[in-house]
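When the chains are written out, they are named A, B, C, D and E in that same order, and each has its own residue count from 1.
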């Protein structure tokens, strides 16, 4: 018991902090809420560091403390801290400001549970915790667009979530256990395996915005506050992929599910970029592009169990994705929601312009940026797993990606009418500096930290 | 195969089908949530059936049932919360009328 | 001392330092630029002085990087890369001096230039597949922003085209690198060269991927169409770097990767590659003949000259006789250097002309030789070098290539027709621009000033030097090529 | 008595109720008569006829509570099993549920502070 | 056998409660009154309101009666004298009582009358107010008994009745019970004052008789539950167990019927506010206190 609690340190700390944040919010002390949140995230990250090499689990195997969970925390917690800062920049002084921060921390708690899930129950709790919090976050402004976004997000989320819960019962029936580590028992029970897998793909694929479960993403991001969209597009999505990694790595690779996932992956990246090509709303553009990025992440999932670098690939690309997508959203917060708002920003705000270029090139996959390193890992994993064609499609899609992202870069350096831009404020500048630094530096350094 | 199990699973599947059809075909948010409840109920039926007939000594199944029940309630609570917010913003919870965001 | 690393990263560090300087005026920026490139030039001289080794790579510097997948930071040199490294440092120094006049957003310009130099040096010296790819792509980004930011009228479109083309082109290389990695379990290029990891169909697929990449970069017919657009729109220094340094990525990669890492497949595909080389050489020459825009014309002659390089490498792969192979590779490598020097000079001169007249059309000029003798004679000398006049830089290179072709694969000699065409087009250009009736519009055109002379003269000296006494260069190249070819 | 038999009894009870009600109706039919007269069947509405059906949206002003209730009621599902084994588990159970109840209570307080417990 | 006995006891109990209610409401104590009223009701006209939702209208009273009877089923009169001694008796009681709400909503919706409708919705608000106060005190009771079986719960009070052991829970439970049975002062769903009978407004004849009967059963059931949970059920000296239960039940019912008569009526939103803000806090505190006491004093 004591050991379990010690290993759960980061989660417990975060949960406690969320409660404290709620208390502070009752006193309408939004700055205090923010301070508690940031402190807890930092402490929680620090607590994670000694546990990175752990390979164990708590509560009878239901919650894993392993490399995936450890690195996931290292990715998700700082990412959340940055998202909090972005939220601060956007909604400072608004009504129920502190509630947003508390919800964000709670959703992150759910994300941690997803990435440590070793059991169906933890998976369900994780999905629901991230889901419910996210619905509320999206609908936070309570205006027409936000409630519409929240409603669509909710409908998709609850339907796919319930389908997942239903499908998981078959795995329980087939394997006789709710533990994922027992999924090997499903060998030979093809129908049961497929039934559960479809459900998991629906439930987690929705979180990860995979085609065909992606419809909510552009609407939800567009209707929500930009900072919330940024948060949802990275944290819950990355967590969904960590959950994929936890669930599928023990699943027998039979009945051709890797092929099915590979097809979804190819469809997702192609569709995402194609749809992004025609957007003029920046948030929607990034939303579709992040759909496409999910397709890339799925390449790592496809290779699970065969390629030893599949898990590192998912982790690295997820980290890169968190950094660059958050950064891109932060610049959008500075610039505005329309593609036309980017006009000349490279000239009027040179530093943000450079940062945006870095993010977009990284999203495209240009070396030596972080996104490139992640993609190389993903390609290697896919090729090693025998999915050369998928890697080729991924590489071909990089060209579409280039089109998508250059559509944003090109206007940035067009000369626009001069006008002194508003100051961006410290929180946003911090976020952009941190994410740009990570995107630039970690690509080279990532390799050194990895086991 | 145990016939009772098959019956229970069929009931579950029927509930699932009805629920999913409802959730996908209805346009009113509240009705969609009803469909979702049915789907979750089918999960309960399935779990209990598997527990009772295949793995009677696995207590995790009971816990799963409890968790799913909690999920049902919480999903409804948040769902209705959003429905209320939507109603106040727009005066309707029809999905068909949600066309502000597109592209 | 890790001179290779210092040389590689000194420019980008200088660039970063410039970015954080409080005073980023044009004067300071250009001083930093000239200082950094000058220092790099001196360091490369020191590297040259250290010499290379006849068996494999010399001066290797290695640090563990991504241990999990066997990627490391590895730099090293041999007789193929050292001449290109020297060429790079010279051209960047001269470009920095030439660009010292640019006032528009000078700091950003300088940072891009310095970044490009790092990328170029890194590409030539990298001994790690992943590292190579990283530098290879970084150069792309730098060049894109240089064209898009400081180019001429239609720069956005040209930059985009350049970027799309070369990125699309370079992605297959990534696949090939991954394939090589999965075949060997390491990213060490030395291992790949010593024991080619792929065989059979896998090797052929990898080769096709690499050939595609390098063909775009070289550029070879039919994937050359980005080049004229990019050259015409790029700023002068950009053109010089593009033609003088970045095109060499393609030929360098052709030898370093395609030829050395998938030798069997390369030999099997040799005829096809040779055909592409011949067609490129001919096409480049004829297309250049059809141009009236000076810059475009020079750009097309690049296609022609790089076609010779492809021919040289292909012949080396096809020939059975080690001597022929060595000659082919020697010629190809020397051609890369010569082309860098000569075409660099030509682009500088056209740029200078354009600065004065704001025009590049041949028909707009006439009789300039008397008006601006320095510029005129420099152009004439460079043009003669470019058309392969004996005693000038291209002659020994092309001579060796044709010699090898004649020995190894005689049908390829049809490409010699291109030399005639090139001669014709250069003579036409000289006649149109510098001879004939003087156009009164340019009556008060100033001749080259001190800075411009400083840029052009070293190149001309080197051109002549390589032409009449190429020994110092060929020896260096030969050291390695005998090993590779033999 | 087996579980099934017990539930059979409860089912029987339900059926019995149905029988009782039917017999009461039958009795009423026997001892009383209904006469159809106009306007007798108007629902009570202080004498005036309501224009529309009354099945319209009714503003449930207590929906704030209702949402909280949904969550709270389900949480109690966790408390029954806990309550039954409480004395066996002892202090650990108290601490477990103490945390649970504290969070539950915190939720209530939060809802209160945000105006959920209010006639909307 | 025991079933018949319990049902008989229930019938007597209902009659007594009816007598008592007549006394409390009209101030006249008459043993015959309820029987005459019932006969009169059966003899009266049965009017079906125009355009009703017939199914809901007819089912409402029946469901109410079923709910009441099912809750009675788990209340022990004496050891062995119980309809079904379920292992989850207390939980079952809870579940059965939940149908009271359904029945009232159906009855309110069915007749397509404004007053009935408003009454039904009011009861929904009332339900939200009392539901947690039923559940939470029962949890505390089950903690002490280590079982949800009502028999076990009674046995656990051998040393000390729960009314002393957990008085807060008792008070809350009684308040909640008043709400379930819409007894004064929480009787607005059928508010005689402003809704002309509310949910009951459209029921006549046999339907009203069933309705009234169901209501009586529910009152008895709740009194019985209170006795089982808090007054030690059949435990007591001298008299036989069943007698104790009967006596206590009638006493509790009488108290519940009289108590509220003298208080001002409570609007459902006041009831909501009080039970959520004060009631649930107290209920949680009750659970916690019982937990602590159960650990300190093992009785």
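Basically, contacts are C-beta pairs under 8 Å (C-beta built on N, C-alpha and C of every residue); 3 or more make two chains touch, one makes a residue touch a chain.
These are the chains along with the protein names UniProt gives them: A = NADH-quinone oxidoreductase subunit N; B = NADH-quinone oxidoreductase subunit K; C = NADH-quinone oxidoreductase subunit M; D = NADH-quinone oxidoreductase subunit; E = NADH-quinone oxidoreductase subunit H.
These numbers were taken from a predicted model, which means no experiment stands behind them.
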Tell me which chains count as touching both chain A and chain C.
none
Averaging C-alpha coordinates per chain, one finds the centres of chain A and chain E separated by a number of Å equal to 52
Go ahead and note the Å separation of the Cα centroids belonging to chain B and chain E.
32
Inter-centroid spacing, chain B versus chain A (mean Cα positions, whole Å):
26
Roughly how many whole angstrom separate the Cα centroids of chain B and chain D?
21
Junction residues of chain B - those touching two or more other chains:
74, 81
Sites on chain A at which at least two other chains make contact
none
Chain pairs satisfying touch are A-B, A-C, A-D, B-D, D-E
Chain D partner contacts - residues on chain B that touch it in the complex:
66, 69-70, 72-74, 76-77, 80-81, 84
In the complex, the residues of chain E that touch chain D are 3, 39, 42-51, 53, 61-62, 65-66, 69-70, 73, 83-87, 91, 109, 111-118, 121, 124-125, 128-129, 131-132, 135-136, 139-140, 142-144, 146-148, 196-197, 201-202, 205-206, 209-210, 268-269, 272-273, 276-277, 280-281, 284, 287-288, 291-292, 294-295, 298
Under the touch definition given earlier, write down the residues of chain C that touch chain A in their complex.
64-69, 71, 108, 130, 133-138, 140-141, 145, 148-149, 156, 160, 163-164, 167-168, 171-172, 174-175, 178-179, 181-182
Which residues, counting only chain A, touch chain B once they are in their complex?
119-121, 124-125, 128, 132, 135-136, 139, 142-152, 154-155, 158-159, 161-163, 165-166, 168-170, 172-173, 176-179, 218-219, 222-223, 279-281, 284
For chain A, which residues count as touching chain D in their complex?
1, 19, 22-23, 25-26, 96, 99
